[in-house]
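The structures considered in this document are given below.
In the two complexes below, chain A is the common chain; its partner is chain B in one and chain C in the other.
Showing the complex of A and B:
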């Protein structure tokens, strides 16, 4: 019964970005229906500015209300939990969406069709809820909301066979793995009769108390859940969709899938593993995830070495990056620094991959090519593009002064803190192997010669993306400590129980 | 333990569910497979009634037995090869072994975990009303309920875009418009 009424603010503030996104969705749909054809071209700017405004509002509101138990989601029955961790990940998602919009104006595949921006907004809405979800039901609904929109974005270029294949492949893999995930979630619910994260932890802990049967049952549930989440972050052996989707989908879609989707999934993964699984389960999942992380890093990097297509190469690179980030989740078994390291790494990764894909979309717009060989002479054809690409590649490779260096540093030191020195060593070796293919791109851009070295044009909108990401990467790489402190504070709030 | 009519109904519904599922997998004729799927879904609706979840049973009948099976049948009928016998897929043994393995594992978990559970308290008479209230109560499941509708809206718009074969060509390719 609706016995007690909830103060409006307590019900609204936790889902403020989602409400804003809904308004934006309505605005974009109206714009698509009612505005004359000529002004429809502005839709990418409108949506981008909308996302950016929402991010600013969300951050300012978030800073004021975070830690205030009245506004952290208890007004919504603790289904949504808005702590500093959720604020940080939501900001990443909204920024990625804003920059994707600005990038999408240059894409012939998208051709500024309103449907793309609808899918983008719905996906961002699902992701914003994923990172704040504190209830199994919301987890699944949010995950599906994000996924369905991403399938549409992947298959958006309907006249391209590659894009249709990418969309279909992503959809089929996604549908199967999400069914498996749902089976795992329903087992967890069946064991305990609870769906709320905060109440699940103690309930599952009681389950492990009655012997090995309880533990075995939980391990099965854990495996099923891992299939679903492993698919979303592209962990081996659930990575098969990644290269094909990266190669076939329109570049802005890939930029969004590889950044926001990965960040949101890792946000969910970290929250899930730090709250839901009881301490008795740590030996089971930590070892398993450590093995997955090692295999994922190694396989991703090995396969990236031989790629000729830059989008495909970044696809394998993103598998490897998921492997690195998984180290932070493993470290979570012993230290909450693991969560902070994942948060920092994801912030860095979002900026870096957006920078790389912005350059890719600029080159694609000018030449229509995504082959690494066609990046020859980029430094003379457009120096700014080449510089941003250098920063992005160094950041992905983990070379200072780019942000990737601190990202990897925090991850590996969290792993050592948690007693996983061998995993950190595998990570370092992998980072060195990965440098080879990242540096190859740089070499081709500066040393390689193209027959036609006419200059590229960069649209103002894309220049904004290049500036924001390039400066952001260098800022995070040189002045890392405020960001790191923020991430550590956020990770400490993760396990705080509400009264 | 004495057998009651409920046990007989449960056995019948289980037979529908499992037998229908087996029929879906084993039948090489897509139309027959779709019909077996309807049988299986119908059995699940029966199980929901036995579990005193009449609302779920009604939804199961309306959505799955009704709408989705019609959709599946239509989709099957527009495919090229409705009545022809397709060769059995390769690696059938491997798939069967994997499926059996998953079934044994899950079966073991379910038998050990749920075998000894005491039945839950009686389902309240106004369970449907409580479910409805939970969907619109901000303290309960308002947020997931609303997000589900956004999910459907997004899927609808996306599906129309992907499936439509006469996209308006009113927007010429991007280019030369950046002075605006």
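Showing the complex of A and C:
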């Protein structure tokens, strides 16, 4: 009995969250079809609790199995590899999905429409596969599963001109860049005849050993792949969709796109660059990514400075944040601390952006406005909202005691370790520039005066999101070391798990 | 089925397929960049995907390895679902604007 139970666990554990998500998907679909319209208001709670339960199960099972020498982590015929790194990113995705559900329940555009939650579950499913993908086929399929659902979420308000325009723009950019990515994958397959990551690495090394021709061919494939992944994380010059999607889409969709989607894409990016590309390619991709990181940070911050709409401002801010996180991927070329820094940064970024979008949701519920000017007097209209927004803005700006400070600190120190001091300096200068527009929001909230300063109501489900994210940010910022140690262990497994 | 000599005569070198796929891919990219009608852009994207499919099949034959063919099946499935969502978005746009010219999509700027 015992000998049989081991292979079963070996097979189930790597895809446990995906199986759970499929069950949740069926449950929510059934709920939407069979329950009467009035009771459908509970769908956001059911989905949210489902996501949260899955996260807890996933973490407890993950801690038990991952790192155990008897547990290979490979599932579905070795197209999935679960290590501590994947466990960490999956937990972020599931948490972001759970909090997004609660926000959606308090959004007039979504509220009880079951289709939104179905798209959300499928998107989370795709992302969970993305961060554990160990095969080119799964990379493409998981990426598209997540993307197609996100297009639906972005264009969800069919009757709104802005939302459908945002959806179509997101779709067009996404479809084109993923086709380019696919062509890059076809070239990688063509050079090696392999699709599995563990066999691709050695095969590509053999190719580069042939001399400059092999390297040149790989650089072409690298560029094509980078277009697709660059779109997902919103790196300049593939960032054009970001501000419009952030402005036009329903706020909960934006919250999910800006957090879970970015985290999942960075998880995939880190795994792809640390496992697939051979050592001979490092100077090419590290140099290219360093240049992209510098341009992305600078352009994102410059354009964010002049924004009047807070969602659009956070769109440009998220471009800049992708630039910072890219520094960690560059540092990966020399030190595995790069991967740890990216993981920590993404965890803090998920919490921070969810907090900011929860505040935006709450203000939108009360006033319907997303202009920064309408945040005037927020500290008197609802002090808790203003406090959470302050924490979120300080965290995005990298000011202690919020988590963003350590996030940037680890990234920049990893860059210095890897010999990219110039990139760290550009990062620090950018962080200072960015403080200007983050502090502007705080100034408007506390100093600005509104004509009507009546109190805001905070909906109960939004209050949960505000509490969880606000406390989470401060906890990560004051007690950073356990999280950091976890991230370092995870990044060590990233390379150890190779056959 | 064929003797070795016949096979050598019939066999088109893999490089021909790859060059054709590169040409198709370039036409697709050009179509995306030049065309302004959303439906025509969709068709150009399909061309890009199918160019990649052709490359996969050609490589799969060259390596005598089925995983390239499997990849193509997945790509076709994904492309179908992608088009379904894309057309739905186009319908939504057309209802609110009576046009699917992507140059007219500029309600948000800055």
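Following the convention adopted for this analysis, the second predicted complex is superposed on the first by the 483 of 499 C-alpha atoms of A that agree within 3 Å, B and C clash if a C-alpha of one lies under 4 Å from a C-alpha of the other, contacts with A are read in each partner's own complex, and residues count from 1 in each chain.
Rule of thumb we're sticking to: a residue touches a chain if its C-beta (ideal position, glycine included) is under 8 Å from a C-beta of that chain, and two chains touch if they have at least 3 such contacts.
Small disclaimer: the values here were computed from a predicted structure and weren't measured.
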First, second, both or neither for A:158, with chain B first and chain C second: both
Partner chain(s) touched by A:106 [first = chain B, second = chain C, both, neither]: first
First, second, both or neither for A:124, with chain B first and chain C second: neither
Which superposed partner A:15 touches (first chain B, second chain C, both, neither): first
Per-residue touch tally on chain A - higher for chain B or for chain C: B
Partner chain in contact with A:175 - chain B first, chain C second, else both or neither: second
Which of chain B and chain C A:187 touches, first, second, both or neither: both
Touched partner set for A:244, first chain B, second chain C, both or neither: second
Touching partner for A:342 - first (chain B), second (chain C), both, neither: neither
Partner chain(s) touched by A:148 [first = chain B, second = chain C, both, neither]: both
Doubly contacted chain A residues - partners chain C and chain B: 137, 141, 144-145, 148, 151-152, 155, 158, 167, 183, 187, 190, 193
Contacting residues of chain A [partner chain B, same complex]: 1-2, 4, 6, 11, 15, 18, 22, 25, 37-42, 75-77, 79-80, 105-108, 111-113, 115, 118-119, 122-123, 125-126, 129, 135, 137-138, 141-142, 144-145, 148-149, 151-152, 155-156, 158, 167, 183, 187, 190-191, 193, 213-214, 216-217, 220-221, 459-460
Residues on chain C engaged by chain A in the complex (per definition of touch): 18, 21, 25, 28-29, 32, 38, 41-42, 45, 48-49, 51-52, 55-56, 58-59, 62-63, 65, 67-68, 70-71, 74-75, 78, 81-82, 85-86, 89-90, 92-93, 95-97, 102, 105, 107-108, 110
List of chain A residues in touch with chain C within their complex: 136-137, 140-141, 144-145, 148, 151-152, 155, 158-162, 164-169, 171-172, 175-176, 179-180, 182-183, 185-187, 189-190, 193-195, 243-244, 247-248, 306-309, 312
Complex contact set, residues of chain B against chain A: 105-106, 108-109, 112-114, 120, 133, 136-144, 147-148, 150-151, 153-155, 157-158, 161-162, 167, 170-171, 173-174, 177-178, 180
